[in-house]
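See the structures that follow.
Next, two complexes with subunit A in common: one pairs it with subunit B, the other with subunit C.
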Partner chain A sequence: MTVRNIEGVAPVAAPLREPMREKLARWVFALPLAFMLLFFALPMALTFVFSVFERTMFWMEPGFTLFSYENFFFSARLENFLSSMYYSGIAVIVCFVLGFPIAVFLRKSVPQVAQHRVVLLFILPFMVSEIIRVFALRPVLQRNGLVNTTLQNLGLIDEPITALLYTHTGVIIGEVMSFLPFIIFSGFLAMEAVPKYIFEVCDDLGAGPVRRFLDVILPLAAPGIFAGCTFIFVNGLGVALLPNILGGAGAVNAGLIATQAIAALDFPLAMAVSAIMMTTLMALLYIGHRLFDLTKILSPIN
Partner chain B sequence: MNALGTLKMTETKPAAVEVRGLAKHYGSVVALKDVNLSIAAGEYFVLLGPSGGGKTTLLRTIGGFHRPTHGQVLLNGVDVGHLPPDKRTTSMVFQSYALFPHMTVLQNVGYGLKIARMGRDAIREKSAAALEMVGLTGFADRKPHELSGGQQQRVQLARAMVLNRDILLLDEPLAALDAQLRKDMCLELKHLQEKVGITFIHVTHNQEEAMTVADRIALIADGELVEHGRARDVYRAPHRAFTASFVGENNILRGTIREVDGDDVTVDVAGHPVRTGRRGLAVARGAAVTLSIRSELVRMGGPGEALHSLPGRYSESVYLGLTTSHIVALAPGTDMVSRVVEDLPQVPEPGAPVVMSWSPGDLRLHVD
Partner chain C sequence: MNQTEFNRRQLLALMGSAAAVAGLPRGAMAAEALKLWAPGIAKVGGNDWSAMEAQAGVSIAPIAKSARADESIQKMVVGDGNSLYDAMTDNGGGMEDALASQGAIVPLDASRIANFSNMVADYQDGGAAADTIRYNGDLVAIPYISNADSLAFNHGVIGEELSSWEALFDSQFRGRAAMQNDFGPTLTNTAIYLKQSGKQDIENPSDMSEAEVRGVCQFLIDLKKKGHFRTFWDGVQNGADLLSSEEVLVSSCWEVIQIFAARKNGADIRYGTMKEGHQAWNNVVMLTRGGKERGMEDAFYALANVYLSPWFGARTLAGLGFTPQMVGVNEYIDAHPDDFDADTKAITAERLARKQERIVVPGNSWQNVFPTNIRAYQDWWARVQAA
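The block that comes next holds the complex of A and B.
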């Protein structure tokens, strides 16, 4: 057949190739489904299944017990989980306040041809391993670190600020540093739903920056903003690395609680924490979808 | 600036818009150069010209969306150079369907009033009245994407007019509409302007649209104000060759002056002399000039009067529905068109010798 194709005698090959292509097309469409089943639905289901298993000395055995959930809900873990939601929320707000204006600026003031290149700049930090980036914060934030010595040398403070590291503040700083680009990306995409002419209409009608943001940009960009915020929130909740390196007593998140449970060889508990985390995320996504119709993110201008 | 470019102060009221020595540069690109223009209150004024000629730049500078490189914009006699768009007595209808996609029609129209902190009931009432004016009663609760292009532009009109500013700027408002709708909307715009009596300044590249709506037309090309005047005058008696080439269907002929005798000028076109009026232009023997004549004033066939006709060879006819254009080659590369409504009893064979003739006074001289 290959030879025939090269010779250009297609008519014989054509009827054969068509069903092949059709078959392939079917498979191509099945591929994402298979992927999602294998890497998303299955692990999630297993998380819930394992979370009700019985704990053994080094592993777990099939069974049904809610002991892990009891262990979670009636201990300091719940409190830590809730406070990590709270501080994740703060990180989301800080990221939004710092990052979204950058996204608006990119869309509004940077020439179209340069926009994607500028966005690319924000990907550069990801070229460095996250562990290294987060670790590098320690000498910056610690007691005699860069921030404190600078402030002391400038005479702005007498005593070093110790709240910057091994605290919730430290974790939030780390989260903002790690996740800021995500709000810029999603904000950039979200702003595609805000046509450029809108700004001129606002100029003509006299809508100031606040009105413009609340009345026009926010409602139009809401799906994208929500997606970006959820992403940051979930990572703030789940990425154990940040509180592990920058946090301290009480400054943990759900991810670290689960990791610690694994370290203590309590796999059902780790699974239960993960299950609770995922349920929280799914609930959030559901609420967001009902409010903003998240499918709009992928078809902004319609 | 020559005598044609300067304004004719025929208005009694103070000019709604006066532009003095306005220029706009983008780096080395000159979008507007030294434009002087006066637009009377209550006038329907059209800025007509080819794309990229600077007419939109002029409109947007009047509206406050661009800062001029130099020159002044006066609205109702007040210099507004430092004012942002919302502080000016202008409001804008944009070229694209520039509506807020997430608001209903009524909310779109009322948004400007909401910003002006008007009461909820007053907003509703005024917006509804504005919608009625543009014929969109009953569409108040629709979203923009549920409207046709023409309807969206009407919403923009209502949104601009509800602000009660006395100059309405329209930036190619009908450009995106199909031909029939454009015609209808033209008339509607004209009637609307007559009804509300405020000044309309309308940018377009479409001469038919301009002729339909305009009291006066200004031609703008290459950043310059080429010519302005009443729509009828610009069409019938263009001063500049560019105007003749852009408005109407003019034959543009190039020639050299053979003889100047008082008000009569004899010009050689394709080797034959034709006579035209001097129109007070400074001309000298041997100078290269341009002549124009509207194609509907040119007759084909018959013995032409000497100096008011040119011989040529028939090349082809183009049927345009109402009119038919007969194209005759005077010389290689020089065509002349005669546009007639009626069918000719006998159409010449291609290549047959014919004579193109006109009435004395129809041929116009231009010195550019």
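The block that comes next holds the complex of A and C.
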């Protein structure tokens, strides 16, 4: 009887415990999916839905109209948007040229035990509010600011350089100052795909720095570099305070267009601008994925 | 007593208090602080609200507010502003109509404000600014500051007084001129200039037709393409920095910007009277529907009474350069030499006299937060920015 009882219980109890664990495990893995749905897919979908609503005097009401898109594509706003893409692109290039060599240097020349500590140094500027950092650039770049005063005192210029502030150049300087650490971080991660011995092999084979960079480092680190560049590009498009504080009379980006639409109580237009920005980002990510397989970003860590 | 006990006791005490408050009738809440949604310029007498509280005899819980119309609408019409704020400030000449039409603010009883009769004549029934505090004939707002915006200029560098908007658009200031990054005041001031100088037919600079808006913006676009404007400023700090750093020599701006810019490095930066006219505006304080429902009317009327007192008017004039909304300010200043020394007295008298000059210029137009063709304003302003 005892044996039979044990035998009778054991086959019943074992299958009960296993499915419960499996069920829980499934739910745990579903959590990120639920998070993405709740905080990414749903807001995105709502942004598209609201963008086709009818505008009322103070808010919007359900309906279907493409007026906001017409208002965007057939007005100066499109020109502003394209212009901000152009200047964000320049900021990405400058960030890459300045930041990626730092990432390579960190991986190649800094002892491994110290690498992460050195990277932490680049987090320090982020301890200060972005608005303060951007505002602090004005006394440096303005007509009688630090740069001009220094150059004049050194006798290098007679008249102050006015192109540094309240111009597109000012916005690009602000974007580089704000977003440079991102290319350093992503470059640092991307360089994990390039083992140190690769540099030695290149040296042994007589590959010069240019060829080593173009043929070896760039292909291996491309997914990480692309991710960093996309981050900078999208921020350049969206962070309204940069053109607002450092830009001149014509410096506008997509974030500022949306902000201005909200200030004018045109919420469907603000949603349409946001939807267009998100579509641009998605298109960029798709192209990047097709070209570089962005899943590789995580493979060095694995 | 360890930290755990302390926290638990505190929590219990808080729960007890909350339960007690929940059980009280609504009228008993009147002893609570008046939750006032207002910008810093709504207070005088120091860095905090204690002087205002002492004058009004009520507690005030201020909540910082910007000057953006969309913020007010979002909070008060679409959002939960009525459960958050008992009173609020905003621009007269549009916002009070918008908020009253949506039931966000309530009509006021002038008889409960002792200083109401002190209010300047323009606001009394039939006055030029009477509509800016009324909705459908009902009083819904109390003005606390106003001004007629003009041109600030660096007299030290320019070496002469400027008395026409012509200077702002003159080629001698190419690359050294600025305007506000807001289509309302910028287009209105430009329209006043174009109308009064006979350069464009404009019926009402405060409420232009689409064709008129196009003409005004085209004028600005042409100038902008020539590199005339250094930037369009946003905020007091930005506007003051532009002038004090000599990035710009002429700027259409709020008077407080000129005052701050002149104070900053002692430069001779002045605020002119423009012969073509100015955009006039005011800021008003309103009682929210939620504030009335929570029994905060007495506290509100006490504060409104302070806003219409020479005590407030003299201090906002001396400190921030805003126009007092009541009569008797000069007499008050004369009667309080301990609070206003000879220099301050001279400055306020001169400032008030210049304000009077600006206010009576025939070409003045009143601020309009929601012009009839607001879409044309927005669309053409985007083109100005893109040019």
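By definition in this document, the second predicted complex is superposed on the first by the 273 of 302 C-alpha atoms of A that agree within 3 Å, B and C clash if a C-alpha of one lies under 4 Å from a C-alpha of the other, contacts with A are read in each partner's own complex, and residues count from 1 in each chain.
Here, a residue touches a chain if its C-beta (ideal position, glycine included) is under 8 Å from a C-beta of that chain, and two chains touch if they have at least 3 such contacts.
The structure displayed is predicted, hence computed values, not measured ones.
In the three-chain model built by superposing on subunit A, subunit B and subunit C fit together without any clash.
Within the superposed three-chain arrangement, the count of touched residues of subunit A is higher for C, of the candidates subunit B and subunit C. Looking at the shared chain after the overlay, A:D203 reaches subunit B, while subunit C stays out of its contact range. Contacts of A:S129 after superposition: neither subunit B nor subunit C is touched. When both complexes are overlaid on chain A, the residue A:N71 reaches subunit C alone and has no touch with subunit B. Once the two complexes are laid over each other on the shared chain, residue contacts for A:Q112 go to neither subunit B nor subunit C. Applying the stated contact rule after C-alpha superposition, one finds that A:A263 touches subunit C and leaves subunit B untouched. Least inter-chain distance for subunit B and subunit C in the combined superposition, rounded to the nearest angstrom, is 45, based on C-alpha atoms. Overlap of the subunit B and subunit C interfaces on subunit A: none, as no residue is touched by both. Taken together, the subunit A residues at the contact with subunit B in this complex read 195, 197-198, 200-201, 203-207, 211, 215-216, 219-220, 302. Across the complex, subunit A is touched by residues 68-70, 73, 77-78, 98, 102, 175, 181, 224, 229-232, 234, 238, 241, 245-247, 370, 374-375, 378-379, 381-383, 385-387 of subunit C. Every residue of subunit A that touches subunit C in the complex is listed here, in rising order: 57-59, 71, 75-77, 79-80, 83, 138, 142-145, 162, 165-166, 244-245, 247-250, 252, 257, 260-266. Looking at the complex, you find that subunit B touches subunit A at residues 63-65, 84-87, 91-92, 94, 96, 98, 100-102, 111-112, 115-116, 145, 159-160, 163.
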